[in-house]
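Before anything else, here is the set of structures, which you'll find just below.
Below, chain A partners chain B and then partners chain C, in two separate complexes.
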Partner chain A sequence: MVRTYFLLAWTWTRAAAAYPVSFWLMTVLSLAVAATDLAVILVVFANTTSLAGFSREEVLFLYGAASLPFTLCDLFVSNLDRVSRHIKDGTLDTFLIRPAGAWLQLATDRFTPTRAGRVVQAAVVLVWAVAALDLDPGRLWMLPVMTATGLVIFTSLWTLAGAAQFALTDAPEVVNAFTYGGHQLTQYPLAIYGRDLVRGVTYVLPLAFVNWQPGLYVLGRADPFGTPEFMRFLGPVAAPALALLAALAWRQGVRHYRSTGS
Partner chain B sequence: MWAALAGAFTNSVFGILRAYILIALWQARPGLAGYDLTDAVTYCFVTQALIAPMQLFGGGLGLPERIRSGDIALDLVRPAPLQLWTLAEDTGRAAYLFLVRGLPPMVVGAAVFGITLPAGAGQGAAFLAGLVLAVVVSFGWRYLVALSVCWLVDDRGVAVLSLVLSTFFSGLMLPLRIFPGALGDLAAALPWAAMVQVPTDLYLGAAPVLPSLAFQAFWAVVLLGLGALATRAIRHKVMIQGG
Partner chain C sequence: MIELDRAGRTFKVRRNVVHAVRDLSFTVSAGEFVGCLGPNGAGKSTTIKMLCGILTPTSGRVRVAGLDPSRRRTALARRIGVVFGQRTTLWWDLPLADSFELIRLLHKIERAAFRARLAELTDTLDLGAFLRTPVRQLSLGQRMRGDLAAALLHAPEVLVLDEPTIGLDVVSKAGIREFLLRVNAEQGTTVLLTTHDLGDVERLCRRVVLIDHGRLAFDGTLADLMATAPAHEDIEDVVTRLYKGEAVLADGGPAGADQ
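Now for the complex of A and B:
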């Protein structure tokens, strides 16, 4: 399955690299798009030294910790949210009759290697923030764990987004509120949001486990909303639960898909 | 219709998320940039409402496809000027999108946080005038971006560059007034400020009316003028192949 994925991704990469100038220009420009989110944080901190009790370095740490898994998913699976377009064009049927999983093919369809620039940008910010903050080295083991958790959560979100589009064929943009909205939400300390919203993204849609709960542990800070200490470590429980839900939703979507016929 | 409502939903969700950032900032710095907390929240939802009519994420014009497919040759021989024809289409589209994709985020903002309305009919009229001019400036810019396909063939690079300029330097992501130092002065003088920051300031009554409208009119004239030159240039470039 992994081999098939990389074979398909490599095919699209070679297609994109056929025009080298365009390829590198798009890589640099996609970096510029990602950098605007970073610029917003820097402009905010040009006006204040702390946002809801968090310093610039701490916010950049949370930004990097959310953006690294998000940009990786944006690179590798975000094309799942084009399901509705494939349904409308009638091209979904071709995916279903080929001898490879539909999920795999849709995830790699139009794989855009130039998005890798954003992954690099997120990683650089994260490393810089970790270096700039005086963190307890005994807590850094959480970094790979939270990145893996974030990958599972965002991949599940995109799978849910794709599955939802089987029903929302005419309104595909709704899912952006959850995928790209999820990234927008997790870039900042959840302390800035309302209590009900934070409860929602902790107990219903577990975005809080991408970088907020584990991030509080790494930063050695208490939760301003007062959740108990053990919550910091629940990411590896919440993420597989969401993944299971996403897998079931995806199966439901594919099973109930009725081609438009010829 | 469903697509437009879906867009309105997404714009509203992002409006709420952005509003919390501005609230946190304005709680740390009350009265920053001459806005109070309610002004800042209102700013957020008015700017969200402007995304669709100003097409800040790009697109809206069918021209690049028509240039690639060659249909542009037909458009150029029509007995109506290409630029005015496209402007008329774009203005109608902007009016529709302001109603179906612009008003819902503002209603959501009013329900969740409470936003202000323009104080009095004069301020409302100033906002409407600013809105119309902003659409023209936005069209002028996107028309130039669209025609660039004639020379570049691959328009994705220009489209991404335009996306960065018209989301960051328009005031959509943060008010330009809080940009530090020279960056702030530069951003306030560029045409993208005329698309979002200026009409929103007119809505809030936070900027003098006539200089603001004059600033927008200046950029509208400059961009439309450049657009007219570009239209003449493509007239000479287009070669009709036929059989």
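Now for the complex of A and C:
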């Protein structure tokens, strides 16, 4: 499966190289978009010293911890949200007659390494924040765990987004609210949002386990919303549960595929 | 090799349920060459898509090479070749040869076997001149030959083609027909194709399956089909009357009796 993934990804990379101007424009644009995200945080802290009780370094830590798994997923699986376009064009049929899973082929569809720049940016911010903060070294083991949790959660979200498009062929943008919107939401400490929204992204759509709950543990802070300590460690439970749901939804989506007339 | 047993597929269009295919039963044995005919919207493409696992039947049973297509799609993909006349399965921006190499890797075809197979296909389909050309720059005739080669690289037992000669000029058509006959005769590949070109049927298909309103309207040899009509009529007259629902069918009912 990994072999097939890289095989297809490499194919699309070569195909993208057929349009070199577009390739470089995309690289520059994606870095510019990432830079504005970061700039917003820095501008906020030019005017205040804390955001909902969190220092600049702490906010950058949460930003990096959410952005690293998100940008990795954006690089590797985000094209799952192009399902509706393939349904409308009728090109999904082509994917379904090849001896490889439809999920894998859609995840690699139009793979472009131009998004790798954003991964680097996120990693740099995270490493810088960790170095700048005086963290308890005994708690750093959580970093790889939360990154893996985040990868599973965002991959599941994109899979759900793709699965939903089998039903919502006419409104593909709706699902972006959950993928890109999920990232926007987790870039900041959840403490800046209302209690009900935070409950929603904890117990319904487990975005809080990407960086917020485990991040509080790494930072050695109590939850401003007062959730108990054991919640910090529930990411590895919530993520597989969401992944299972996403896998089932995807299966249903493919089975209910209607194709196009021809 | 191909088995449909009361297969059906419905689509919900707004509040209505449309039966694209209903109670369709026929079997195709190994080595047969079958043409699937029917007016536009009769359910031919839906049938083809159920056979290759793209569409899940809503009722009945479908088996291809002993597998349930919608449940064993990737396993089946290794054993059948599929060509859509109206849509390429090749990678648009890659040279033809690169698409073939990718198919080799996806199908895990051994390098030596692949080389021999590709050389043979390049020769019989005359691909040599445009193997290095990106697919998007190929003419329709070239692209169709490329698609045929791509569908046959893994030496499938069954070849399913949806309108393989659509839009082609007479020379390209003749080339494709001759090639399909060779594949069927020399390698014993089972072939099922849909077409609106009666020349395809006359030259290729020993057996004709006619689908109308999603149901089986005729199943027999081309000679049987012609025998249902007065002697002076040619195949075009016969098929026209069948499509219009004027002919009496093999099972005794008029074509498209209900919807």
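The definition used in the following text is that the second predicted complex is superposed on the first by the 249 of 262 C-alpha atoms of A that agree within 3 Å, B and C clash if a C-alpha of one lies under 4 Å from a C-alpha of the other, contacts with A are read in each partner's own complex, and residues count from 1 in each chain.
The definition used in the following text is that a contact is a pair of C-beta atoms (placed from the backbone, for glycine too) under 8 Å apart; a residue touches a chain by one contact, two chains touch by 3 or more.
These numbers come from a predicted model, not from an experiment.
Colleague: So in the superposed three-chain picture, is A:Thr36 touching just chain B, just chain C, both, or none of them (first/second/both/neither)?
Modeller: After superposition on chain A, A:Thr36 lies in contact with chain B alone.
Colleague: Touching A:Ala131 in the superposition: chain B (first), chain C (second), both, neither?
Modeller: neither
Colleague: Quick one: classify A:Asp93 as touching chain B (first), chain C (second), both or neither.
Modeller: second
Colleague: Just chain B (first), just chain C (second), both, or neither: which does A:Ser22 touch?
Modeller: In the superposed model, A:Ser22 contacts chain B only, not chain C.
Colleague: More residues of chain A are touched by which chain, chain B or chain C?
Modeller: B
Colleague: So, A:Glu173: does it touch chain B (first), chain C (second), both, or neither?
Modeller: Touch partner of A:Glu173: chain B, not chain C.
Colleague: Quick one: is A:Arg14 in contact with chain B, with chain C, with both, or with neither? Answer first, second, both or neither.
Modeller: The answer is second: A:Arg14 touches chain C but not chain B.
Colleague: Overlap the chain B and chain C contact sets on chain A and report the shared residues.
Modeller: In chain A, positions 19 sit in both the chain B and chain C interfaces.
Colleague: Which chain B residues qualify as touching chain A in the complex?
Modeller: Residue list for chain B touching chain A: 2-3, 5-7, 9-10, 13-14, 16-18, 20-21, 23-25, 27-29, 32, 154, 156-157, 160-161, 163-164, 167-168, 173-174, 178-180.
Colleague: Which residues, counting only chain A, touch chain B once they are in their complex?
Modeller: 19, 22, 25-26, 29-30, 32-33, 36, 39-40, 43-44, 46-48, 50-52, 168, 170-174, 176-177, 181, 184-185, 188, 192-194, 197
Colleague: Which part of chain A faces chain C closely enough to touch in the complex?
Modeller: 4, 7-8, 11, 14-16, 18-19, 90-91, 93-94, 96-101, 255-259, 261-262
Colleague: So in the complex, which bits of chain C are touching chain A?
Modeller: Result: residues 11, 41, 45-46, 49, 52-56, 70, 73-75, 77-78, 82, 84, 86-89, 91-94, 98, 102, 105-107, 134, 162 of chain C touch chain A.
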